[in-house]
Amino acid sequence: MGNDRISVYRKEHFNAAHRLNNAMLSVEENKAVFGKCNNENFHGHNYELIIKVTGILDPLTGYLIDMKILSDIIKEEIIERFDHKNLNLDVIEFKDLNPTAENIAIVIHKILRAKIETKYELKIILYETERNYVEYPV
Amino acid sequence: MGNDRISVYRKEHFNAAHRLNNAMLSVEENKAVFGKCNNENFHGHNYELIIKVTGILDPLTGYLIDMKILSDIIKEEIIERFDHKNLNLDVIEFKDLNPTAENIAIVIHKILRAKIETKYELKIILYETERNYVEYPV
Amino acid sequence: MGNDRISVYRKEHFNAAHRLNNAMLSVEENKAVFGKCNNENFHGHNYELIIKVTGILDPLTGYLIDMKILSDIIKEEIIERFDHKNLNLDVIEFKDLNPTAENIAIVIHKILRAKIETKYELKIILYETERNYVEYPV
Amino acid sequence: MGNDRISVYRKEHFNAAHRLNNAMLSVEENKAVFGKCNNENFHGHNYELIIKVTGILDPLTGYLIDMKILSDIIKEEIIERFDHKNLNLDVIEFKDLNPTAENIAIVIHKILRAKIETKYELKIILYETERNYVEYPV
Amino acid sequence: MGNDRISVYRKEHFNAAHRLNNAMLSVEENKAVFGKCNNENFHGHNYELIIKVTGILDPLTGYLIDMKILSDIIKEEIIERFDHKNLNLDVIEFKDLNPTAENIAIVIHKILRAKIETKYELKIILYETERNYVEYPV
Amino acid sequence: MGNDRISVYRKEHFNAAHRLNNAMLSVEENKAVFGKCNNENFHGHNYELIIKVTGILDPLTGYLIDMKILSDIIKEEIIERFDHKNLNLDVIEFKDLNPTAENIAIVIHKILRAKIETKYELKIILYETERNYVEYPV
C-alpha cells in the first residue's frame, strides 16, 4: 500500500463579518444585485472551511500529510487572519474584491496553494451557511 | 479572478410519502424486491435535496449564479410540487415510474435542467435518510 | 458513586407517512387548520425519536439501564410498529387520533411507560423535522 | 389526551454582525474583557434560534400551538429585524446593550413574550456557534 | 437586565479508548453484562462533552461566565487528561471505577465542580455516540 | 431512464480503539511522528464509514443496487470485524500495517472490492472525527 493516491479532508471554522458590494457598481445597482447582503453596516457568518488534499500515501507513516501540520498551516494562514474579522475592512485581499463565498474560497486557495507542497492537489470547500456552500477549483 | 470554474451548492428539503412498487412486477415480486418499502399504505421521508451548479465565475458580481434566483427556481419547480405530497399519487412524473431515491434524483435533474441555463453544469444529491443518499449524474 | 440520579438518552428513528385530519371537523375546517399537512394522499417524515430515562445509577454495572435492553424495547414496541408504516392507516392508536407530533409523542410515551420499570422516569423527544420537535411530558 | 402539558420547539436562524463592547468601560478594559470579540470592525455569526413553547395540548387539533403561526411570529418579530443586520448598529435594542449571546437571548425572549399568549411558557435557546449556546430563562 | 438567571453551554470533545469491566464480577459475568463492550483489548469513542453552567448574568459584561475561561478550565482539567488516552489505564479516576458513560460524566462533574465557583450550577452532558448520551446531575 | 449512471451512498459506523505506530521506526521516531496518537495504551474513535457505489441504474427496480444487500455486506465484512475492536490487536489486516485513517480506508476498500460485483465502482469515505476524514480511491 505505497503508491496509492488518496484524499484527506480537514475541517476548520472562522466567524467573520462581511458585506457584498462592488465599487464599480452604483449604490442602486449594488442594492439590486446583492439585496440584504449589501447592508452597509455588514452582517456575518460562521464559515465552515474544508481543505481537501490529494496525493500519494507515504508508506512509512501511513499518512498522506500530517494533519497536525496541515491544521497548523490553515490556522496560521487563514484562521488567524479571517476569524473574528471584518472581511471587507480587515483582510487585505478583499480591499478591492467582493467577499462572496466564491471569492473567499478562491482567495483561501491562493493563500494555501503557496504554502502546501506542489506534489499535493488542493481543493477548498467553504460553507457560508448550512444551506449555501462552494467548492474551488473544480 | 474572472474565468475561474467553480461549483456552488444549495440545500433545500421536502417531506413526502411514497411506496416502492413496479406495476410490471407481480404483487409477490414487488414484496420480495422492495420489502417494507412496498407497504401499500405508503411511508415517508424528510428528503434533503442538494443542487450543485458548476460554471465560470461572474467577475462583476463575484457570484457563479445568484443563490436567491437558484433557490426560487428549486422552490417553484420542485418544492411546490413535491413537498407534503404523495409522490406516487400527486406527482405526475411518478405515475408510471417507481419513486426510488435514484429515480427521484433523475426526475429532479430533468425538471431543473430545463430551467437552468445550459452554460451551467447541474448535479443532484438527494438524501432519503441520513444514511442513504444518491448523486446524479456522475 | 452509587445513589446518584442520572439521565440517559437513546436515539432511534423511523420513517412513516401520515396526514393531519380530525374526523370531528368538516373537510373545509380540516383544510383551514392543517393546510398542506391535510393532503388526503398523505405525506411523510423521517422521525427522530429520543427516549430519556432518569433514575438511580446501578453501582454494580455503572449503568442506569442497559442501553441494549432499552434499545430492544424501543425497537420491538415502536420501531417495528411505526417504521415504514402509514400512521393513520397502519397504527391502531391513530385510528381515531390525529397523528400530530404531539400526539405521536404521547402515544409513544404511553406504550413505553407500560414496558419500562416504574422506578425509571420516562420522557419522549420526537423530531418531526430538523426544525420542529416536541417533548412529553414536561 | 386532552389536558396534557407538552413542549414544542421551533428552530429558525439568522446571520448577523456584532461586536462586544460596553460603553461604560474604557477601550483598554473592553479589549481586555472581550478580546477578539471586541474588534471595532465587527465579526459575525450564523445564529441558530430555538423557541420552546410549553402548555396544554389542544385536543381538537392535537397541536399545542400552530407551528406555522409560531414560525410566522418569529419571522416577523425577530428574523426580519435581526437577519443580515449589524446587531450593534441596526437593532435598536442593542443601542446601549452589549450583544452577547446571553443578552440577545434575553432581548428575543422579551420581544416574543409580548406576542405569544400568556397561557404558554416561553424559553429561548440561542446557538452563537455550534460549540457555544445559551438558554433563557432557566 | 441584571439579575436574570441564565444558562450557557460549552461543547468540547475528546477521543479515548475504554472497556467496560467490573473487577468485582467474574470474567463470565462481565462478558454477560457488558457484551462486546467488555473486549479485553479495548474499543473507543469520540466523546462529545457539553458543560452547562447556570447562574446570574453579569450586567457589566453581559456574560454569565467568560466562555474562554470556561473552555480553558475544561481543556486543562479534562481534555488534557482524557484525550487520546485509555480511560481504564491512563486516567487515575477509573483505576477502580468502570468507565461507563454514566461514570465518566460523574467523574467529570466532580473534577470541574472543584474548579468552578460555587455560585454557578454545573451540569454535564456526555455523548458516547450520536445515539447514546447521558446527563448528570438531574 | 434505463442506462443512466448514478451513485448511491450508504453510511454505517463502528467504534474502535487504535494507536499509530510503525514497527520499522524507533520508539523515539514513532513518538515524534505520531505524537499523542502513539499512546501505547491506545485511544479510540467513532468511525463514520460511507460506501459510494457507482454504476448503471436497473430500470426494473429503479435501484442501482439493493441498499439492504449493500448494508448487509458492509455489516458482515466490516462492522462485525471492526466494531468494538482494537484495530491493532484484533483485526488481522493491521497486524503489520499502521491503522491510520488512510490505511483503514484502503483496507476496507480491498475487503469490499472482493465482495461487490465488478460492474460497480466503489469508493470509501471514512470519518475518523467530524473534522478529519479521508477518501479512497480518488
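First chain written, first letter: the chains are A, B, C, D, E and F, and each begins at residue 1.
Definition applied: a residue touches a chain if its C-beta (ideal position, glycine included) is under 8 Å from a C-beta of that chain, and two chains touch if they have at least 3 such contacts.
Since the model is a prediction, treat every value here as computed from it, not as a measurement.
Using the mean of the Cα atoms as each chain's centre, the chain most removed from chain E is B.
Centroid distances built from C-alpha atoms place D farthest away from chain F.
Note that among the pairs B-C, C-D or E-F, C-D reproduces the D-E interface, with over half of its contact pairs the same by residue number.
Centroids of chain C and chain F (each the mean of its C-alpha atoms) stand 33 Å apart.
Each chain gets a centre from the mean of its Cα atoms; for chain A and chain D, those two points are 29 Å apart. Along chain C, residues 130 each make contact with two or more other chains.
In summary, the structure contains touching chain pairs A-B, A-D, A-F, B-C, B-F, C-D, C-E, D-E, E-F. Contact residues on chain D toward chain E in their complex (touch as defined above): 20, 22, 24-25, 33-35, 97-103, 105-106, 130-138.
Chain E contributes residues 13, 15-18, 36-37, 39, 41-46, 83-86, 89-90, 129-130 to its touches with chain F in the complex.
For chain F in complex with chain B, the residues that touch the partner chain are 1, 4-12, 54, 57, 60-64, 66-68.
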